[in-house]
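The two complexes that follow have subunit A in common; it is paired with subunit B in the first and with subunit C in the second.
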Partner chain A sequence: MSAVFVEDLTMRYRGHTALDGVGLEFQENSIHGLLGRNGAGKTTLMRILTGQEFATSGRVEVFGQPPRENSAVLSRVCFIRESLKYPTNFKVREALAAAAIACDAWDAAFAERLVRDFALPAHRPLKKLSRGQLSAVGIIIGLASRAPLTLFDEPYLGLDAVARQVFYDRLLEDFAEHPRTIVLSTHLIDEVADLLEHVVLIDAGRVVIDADADELRGQAVSVAGSAEAVSAYAQGVAPLHRSELAGRLRVALPRRPARPADGVSVEPLSLQDLIVFSTSQGDRK
Partner chain B sequence: MDDGRPLFQQIAEQIEGAILDGSLAADGQVPSTNELAAFHRINPATAAKGINQLVTDGILYKKRGIGMFVATDARERVLERRREAFGRDFVKPLLVEARRLGLSAEDVKKLIEKGGQE
Partner chain C sequence: MNPTSKAVRVQILKWNQTFAIPWYSLALAITLVVAIYAVVGGGASDSGGHTGAATIFYASSAGTQLWLINQLFPFCMAMSVTRGAFVRATMLVVAAEAVIAGVGLTVLDRIERATDGWFVHVQLLDLPYLHQENVFAQALVYGVPMAAISAVMACVGAVFRTFGQLGLWVFGMGAAFLAAVVFAALTLTHTARSVGHFFASQPSLANLALYPLVVLAVFGGAWALLMMRARI
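Presenting the complex of A and B:
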């Protein structure tokens, strides 16, 4: 069953189309990656899924119901944003206590453990925390909420590599024991690639990739060799990217051609490279 | 884990490797999906796919409510399959490179014999 179902979803602001006919499904009890460049429409989509914004047109269902002003649905959803705002006089412990009231499935013991894992000063006011520590508060709330649908939108501003690894490890561990639907939106594709079961790439408001993460990993390849040999091998498969130097050609292909690789080297393309090559280049906004 | 190849395949190969080198014995218990996921830092569903692949291939078997175990003849099965793949995965690329360098099959044979003595 799907936790999220979206069909032909369009979101227009004045003179700007943020989402353009988006269709996707997030299966229940799975970890999904929502990837794309800044301004691609990821945050807009998550705001619509969590009832914070109303789409211009299209169908949106969360656990089978429209999320808009629907407390039965929204009580099962936790959305951790990039720069979450809390009442600044709150202490860490008070922020967690407030989250505990809002989340039906809250696990206080798990939250305590995460506070220790991230070495957070529980009695310090939020306004005195560093950027990374504030991000850790958001991550703790997202994980300890155990919400049936938990969305993390770039949750780790200011968090160092060690703290991010703590997040990934705790996420996997807790997901294994308490399966739920996780949507992770991030630019750190290499770091999260192995955690994901399903990947959706949004580019300029449209879905350009929607696939099983492990299948993607096996499909796309980087082919290098003499220009002639590479062209012969890649014939019929439109390259995502090509670069040429002194008669040597390298192309990134979305799938492996069904012919023997004669005189060319074929290497798998990392998820990060695949995403970069599948996304429109150049600055936007 | 390497970049590139499907992770479920890499998980399956690692377990096969452990069976080949004897660190997983016949009828011994295999780590659980969640243990594998935590250890390799990968999605549990992906780890499960690797395990299931080996069950389909008859290399592991399931005891309900307990876990996964190494089939009695798992080592022979893995050996047989790896030997079949050896020509395709190792010898063929070797010969392709040899041809590019102007080495005949006879030259390669000599090199292999020499390599054995070193």
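Presenting the complex of A and C:
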């Protein structure tokens, strides 16, 4: 069953189209990656899904109902975004207490454990936290909310590599015990590539890729070798990216050609490279 | 727990921010004024000493709504509280704030009367124009302006939330322009004095409770409309 269903969704601001006929589905109990460049429309989409923004046109359903001003739907949703404004005079513990009131499935013990894992000073006012510590507060709220639909929009701005790994580990552990729908929007694609089960790539307000992550990882390849050998091997497949140096050619192909790879090396293309090469500003030479 | 109850609980989680600041201010004002009058004996005259120090109570309540709208509202929305639930919760909190103000200030007013002006013949609350014999009317005179101030400040906060700094500037300029137009019209038609007489002839209960109620309805309605359209 779909946690999220979006059809022909358009969002226009004055003189700017943020989303242009977007259609997608997020299946329940799965980890989805919502990827794209800055300004691609990811945050706008998530704001519409959580009732914080009003779409210009199109159909949006969360757990089968429109989310806008719908308490039955929104009580099952938690949206943690990088730019989330916290009441500055709240202490960490008060922010968690507020989240506990608002979120029906809040797990206080899990929240306590995460506070320790991220070494957060629970009695310090939020306004005195570093950027990374504030991000940790958002991550704790998002995870401990156990909301059936949890959206993270660049949740770890300022977090160091160790803290990010803590986030990935706790997310996976908790997801295994309490499956739910997670939507993760991030630019650190390589770091989250192994977490994702489904990937949606948005570019300039349109869905460019909407596919199973394993399928994507298996399909796209990087081919390197002499210019003649690579051209011969890649014939008939439009490359996503092409670079040439000293007679050696490297191309990124969206799928593996159905012919023997003679004289060329073929490697799976990383999810990050696939995303970079698939966006409109990527190098398509 | 229903969504409105959740939003109320989040709003009063920091209860000293939501409710207590005006009371801290008033306690400080009473302490200072009583101390000053005790030292200088300023209230020992036949007419007693009147001070407007209690206005600090209303002035210091003004920031609460700005805090609620610009800091707590976006946080609540992230926690998936609906706009409607937040608006209803705020109405309940403002109503509670007004009731507490009305009852609390009336109790202090009676203490002031019973102690002959805090034992130093000073009047902070039992001012001539505010004075009501009926306890209920006295509570209205103290409580309704509190709700009206909250509504005005909430409306200002919602304008800023919805339209940003430019919107707030336009709102301010518009209000100033409207006031200037009304003043000019009254002056040109030589009716300013009549309007003054009208309000002067009204019972203080009307000026301090009924007309603030109209302000509450107008600004509260505008605030609710803006909040239902607010984007985060």
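Here is the rule we go by: the second predicted complex is superposed on the first by the 281 of 285 C-alpha atoms of A that agree within 3 Å, B and C clash if a C-alpha of one lies under 4 Å from a C-alpha of the other, contacts with A are read in each partner's own complex, and residues count from 1 in each chain.
Please note the rule applied: contacts are C-beta pairs under 8 Å (C-beta built on N, C-alpha and C of every residue); 3 or more make two chains touch, one makes a residue touch a chain.
What you see is a predicted model; the values in this text were computed from it and never measured.
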item	value
Joint occupancy of subunit A by subunit B and subunit C, clash or fit	fit
Subunit B, subunit C and vertex subunit A (Cα centres) - angle in steps of 10°	150
Partner chain(s) touched by A:133 [first = subunit B, second = subunit C, both, neither]	neither
Contacts of A:81 with subunit B and subunit C, given as first, second, both or neither	second
Larger contact residue set on subunit A - subunit B or subunit C	C
Subunit B versus subunit C as contact partner of A:99, first or second or both or neither	second
First, second, both or neither for A:169, with subunit B first and subunit C second	first
Which of subunit B and subunit C A:70 touches, first, second, both or neither	second
Contacts of A:43 with subunit B and subunit C, given as first, second, both or neither	neither
Distance in angstrom between the closest Cα atoms of subunit C and subunit B, superposition on A	26
Common ground on subunit A, meaning residues reached by subunit C in one complex and by subunit B in the other	none
Sites on subunit A touched by subunit C in the complex	47, 50-54, 69-71, 74-81, 84-90, 94-95, 97-99, 101-103, 141, 145, 147
Partner subunit A, residues of subunit C touching it in the complex	1-3, 6, 9-10, 13-14, 17, 67, 70-72, 74-85, 228, 231-232
Residues of subunit B defined as touching subunit A within the complex	1, 3-9, 33-34, 37-38, 40-46, 49
In the complex, subunit A residues that touch subunit B	30-31, 168-169, 172-173, 175-177, 194-197, 213-215, 217-218, 267-270
